[in-house]
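After this come two complexes, each holding subunit A, first together with subunit B and then together with subunit C.
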Partner chain A sequence: MARILVTDDALFMRMQLKDILSKLGHEVVGEAENGLDAVNKVKELQPDVITMDITMPEMDGVQAVREIKKFNSTAKVIMCSAMGQQNMVLDAIQAGASDFIVKPFSADRVQEALEKVLG
Partner chain B sequence: MVETENSKSITLLLNGTISSLKSVIPLEHEFSRPTRVMDKLSLPYGVLIGITGDVKGQLIFSGESAVFGSIGEVMFGMPLEGEMLTSFSGELGNMIAGGLATNIGGHGIQVDITPPTIMEGHTTLSGYKKAIHIDMHYPSDRQLGVYFLLN
Partner chain C sequence: MNTDQYIDIFLDESREHLQAINDNLLELEKDPKNLSIVNDIFRSAHTLKGMSATMGFEDIAALTHKMENVLDQIRNEERSATTAIVDIIFASVEALEVVVSDISNGGDGKKDVTALVSAIEGIEKGQDAVDEQVTQDHTSNSFEFDDYQLEVISQAKGQGYLALSIMVKLRDDCILKGPRAYMVMEKLESLGEVIQTMPSVEEIEDGNFDQAFSVVFVTKVSEKDVQATIENVSEIELVSISEISNVNSVTTEEAIKIEEAPSSSSQSVPSEEKQSQKSKTIRVNLDRIDTLLNLFEEVVIDRSRLQDIANKLNNQDLVSVVENMSRVTLDMQELMLSMRMLPVEQVFNRFPRMIRGLARDLGKEITLKISGKETELDRIVIEEISDPLVHLIRNSVDHGIEIPGVREEVGKSPIGTVELRAYHSGNHVFIEIEDDGAGINREKVGRKAIEKGLLQEEQAKRMTDEEIYQFIFASGFSTADVVSDISGRGVGLDVVKNKIQSLGGSIIVQSEQGKGSKFSIELPLTLSILSALLVQVQRETYAIPLSSIVETVSLSKDDLMFVHGQSVMDFRGKVIPILSLSDIFQVPVESLGTNQNYNVVVVQKGDKLTGLLVDELIGKKEVVLKSLGNFIKDVFGISGATILGDGNVALIVDPNALIQD
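And now, the complex of A and B:
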């Protein structure tokens, strides 16, 4: 079981991800509404895995990954975004993301990503 | 030449959006022919996504709030209302516009999208240079209007 921080500006997506992650047997230790919120909550909660949307107010998800990697270079981040263009995926991976899920996603795809990052 | 390029971009935008709608909303559907909007837009409820990059404008999905609610119920198996319906509506627009950006990116047109703006209550829009409209028809007389406002 992993301790997971869910980051998305949409309440609905946070709820859907929480539901999927709980059913997969993981613990959602916190929710963040934007990239800045996620950076602060990673420091506070030290989750095993972070799910990260990209397009968010305050700080976008790619910038948040860069900030998180500055103080936790081994942080495991799974991007969950509606934006699946090649350059977006490359930016996220270059910033330090471990995997990239395109919305809308299935529980199977979330599980696959978690198995990959948790080794 | 410029007009030809614009027409090509608009065609890719329309096709990319319809393709994205088909993949995001798992419902049987028909869609109307694209029409040019000459007047102000009058919308009962909807979501607006800004498009920046090689093509600039706004993408709007509009319909009765119950249509968004029923799409959410089909996609996620639960009825949606209140704050959750508002959030879902924004996310639906985000997913469709994100799919559009991905689709047209494959044709060499790079765009980014803004976070969604929800229009609750009756909204009238004007001041755009060019607007194109298509209607998506779903079972049980559910209809979703799709508008491209191009700058």
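And now, the complex of A and C:
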């Protein structure tokens, strides 16, 4: 069981992901609604894993990964991408994201990503 | 019809035509509307088709037939020469070259060309965008390596790396294939070095492949660990890994792929015209010239003997005849050597296409400037220098030239330039490869050298940039982890340096960070006959190549000094080490010299000087370098032997080996 911070600007997506995660037996310790919020919550909550939407107001997901990596180089971030965001995903991985999942999420994929990330 | 007797001519002409197509294609790319170029290509393809069909090489005939059809359409202005078409013709020419070299190595000239044929058919029928299709057809096939890759693989294997062929299949429901594949590549690069991919890295990372892609990979970690690492990436359906064995045999085969046709003039002239133009030349098998040279070497040896005898007998008539003979043999020698000389064009010709391909794969824009391709070099040197050049050019393109975005940021033109120059100077030929890329980072090379224990921190501070750069040629600098650390410079560069040194040449690097780098190779014109200084060591005679001698000095016993147990002398204000040839070669000492003076031959390698202590200086002589044969290889400090006028054998000293770096 891992402590997870869910980041997405859409409440609906956060709810859905939270639902999947808790069914898989993980604890969602916090929710962030933009990149900046996520960076602060990571400092505050020290989650095991962060899920990160890409397109968000204030600070996008890719930039947030960069910021998080600055103070926690081992932070495990899973990007949540939509189809067609190929280049953004590449940028995020280059910035240090550990894995990515593509919307719409399937429970299996989320589980796999978490297993691989937690290794 | 018995075609065996025509095979050499067939091979020579095929190579000429392929080269002509190659050159013309590059021209055509610059000037796609020029139908006369298309015509030339068409004719070359047509000739190839005819020849190969006659010789019974059906695969070549099939492919050239298809090429001809498309070219014919372009010629008749039914379609235009798009990049896709040029690409597919390039790919075909490449395939044809493989077949031709296979035939020349005794192969049967069979090759599966169906993918290419159907791709061309597609174009013929009007679909332009087929080049991707072709690449994909390749996916399932095995890899074809170029010289450079073979070299890296065999070198890596030599250093205890594993060479693996890895196929990675993504799950069917994987949506963003590109980033997924990128993650796999990233993981792989952390474990070793990716040498080749199928399809190209760019296409893989763009997701342009069917579920699976393949990678050739060298690494120090085990197959199992590689597998586990890749499997740790999500959405992977299957990873299959197999070890690549048996590249060595292929390497040597590939290494002698060089075209041996002695003709060199512009090769785009269609064949009929060419024959009338060239009526004054004949084709001679190279073996014959080599045999002739060998026989001539014997004559040179006998001439020396005659010279000795004439001097001994003191017969004026004999002396004057021998002198005349010497003059004639000298002219003969020059003539004979010139027959063996080939223009470097042969090697240089393949680079425009190579750079074009590399630049495309890497997403860079590069112009290649070639000058002095008519410069002539001994055939052996030409054969041997090709691989190192490929290596250096790849290096410049891959790691020297930055991607256009980066170049613009630092205020350079987005188009990088690689310059390849060859020219004569004295008894040497210089080949230079200069790029206007990022240059070498002195700091990083220095740090790496210190880490590797090749250098002390203190020394590093005192060294010039050039001395530091020499470390990129150190063995072990070529491992994967360094590739990224020192901006890639260093992949197998020790192989390059060794090769050049074994040819009696040297290589230096000049670089300015941010401005570019220049690799200069200095090569001897010929290898087989050299001017040497004969010296006596006790009762043995040695020959020291004049090319490395700076001067000879008579040194009085008192001027011999010792520093840390090493004897040194003062040479024009510089302290240089002294080595005694009789110690190095363990010459039996019969008499301790009673002379008050030593004879010292000062030799140089780069800017390093060393004095060689000998008993007597005999004189300058043209000697014929003979190898010591296969049984006595790699003798320290000896590069070969020669037979002297009196019938005795003298060993030829290799000063490069004696001078410590």
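Assume the second predicted complex is superposed on the first by the 116 of 119 C-alpha atoms of A that agree within 3 Å, B and C clash if a C-alpha of one lies under 4 Å from a C-alpha of the other, contacts with A are read in each partner's own complex, and residues count from 1 in each chain.
Simple rule for what comes next: contacts are C-beta pairs under 8 Å (C-beta built on N, C-alpha and C of every residue); 3 or more make two chains touch, one makes a residue touch a chain.
Source: prediction; values computed, not measured.
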Simultaneous placement of subunit C and subunit B on subunit A, clash or fit: fit
Subunit A-centred angle between subunit C and subunit B, computed on Cα centres after superposition, in steps of 10 °: 90
Subunit B versus subunit C as contact partner of A:Ala10, first or second or both or neither: first
Touched partner set for A:Val102, first subunit B, second subunit C, both or neither: both
Which of subunit B and subunit C A:Ile93 touches, first, second, both or neither: second
Touching partner for A:Asn40 - first (subunit B), second (subunit C), both, neither: neither
Subunit B versus subunit C as contact partner of A:Met83, first or second or both or neither: both
Residue contacts with subunit A in the superposition, subunit B compared against subunit C: B
First (subunit B), second (subunit C), both or neither touched by A:Ser22: neither
First (subunit B), second (subunit C), both or neither touched by A:Lys116: second
Lowest inter-chain C-alpha distance for subunit C and subunit B in the superposed arrangement, angstrom: 7
Subunit A positions touched by subunit B in one structure and by subunit C in the second: 81, 83, 85-86, 102
Residues of subunit A that touch subunit B when the two form their complex: 9-13, 15-16, 55-57, 81-87, 102-104
Complex interface listing, subunit A residues touching subunit C: 81, 83, 85-86, 89-90, 93, 99-102, 109, 112-113, 116, 119
Contacting residues of subunit C [partner subunit A, same complex]: 175-176, 178-179, 182-183, 186, 205-207, 232-235
Subunit B to subunit A touching residues, read off their complex: 24, 72, 75-76, 80, 83-84, 87-88, 90-91, 94-95, 97-99, 101-102, 105, 110, 112-115
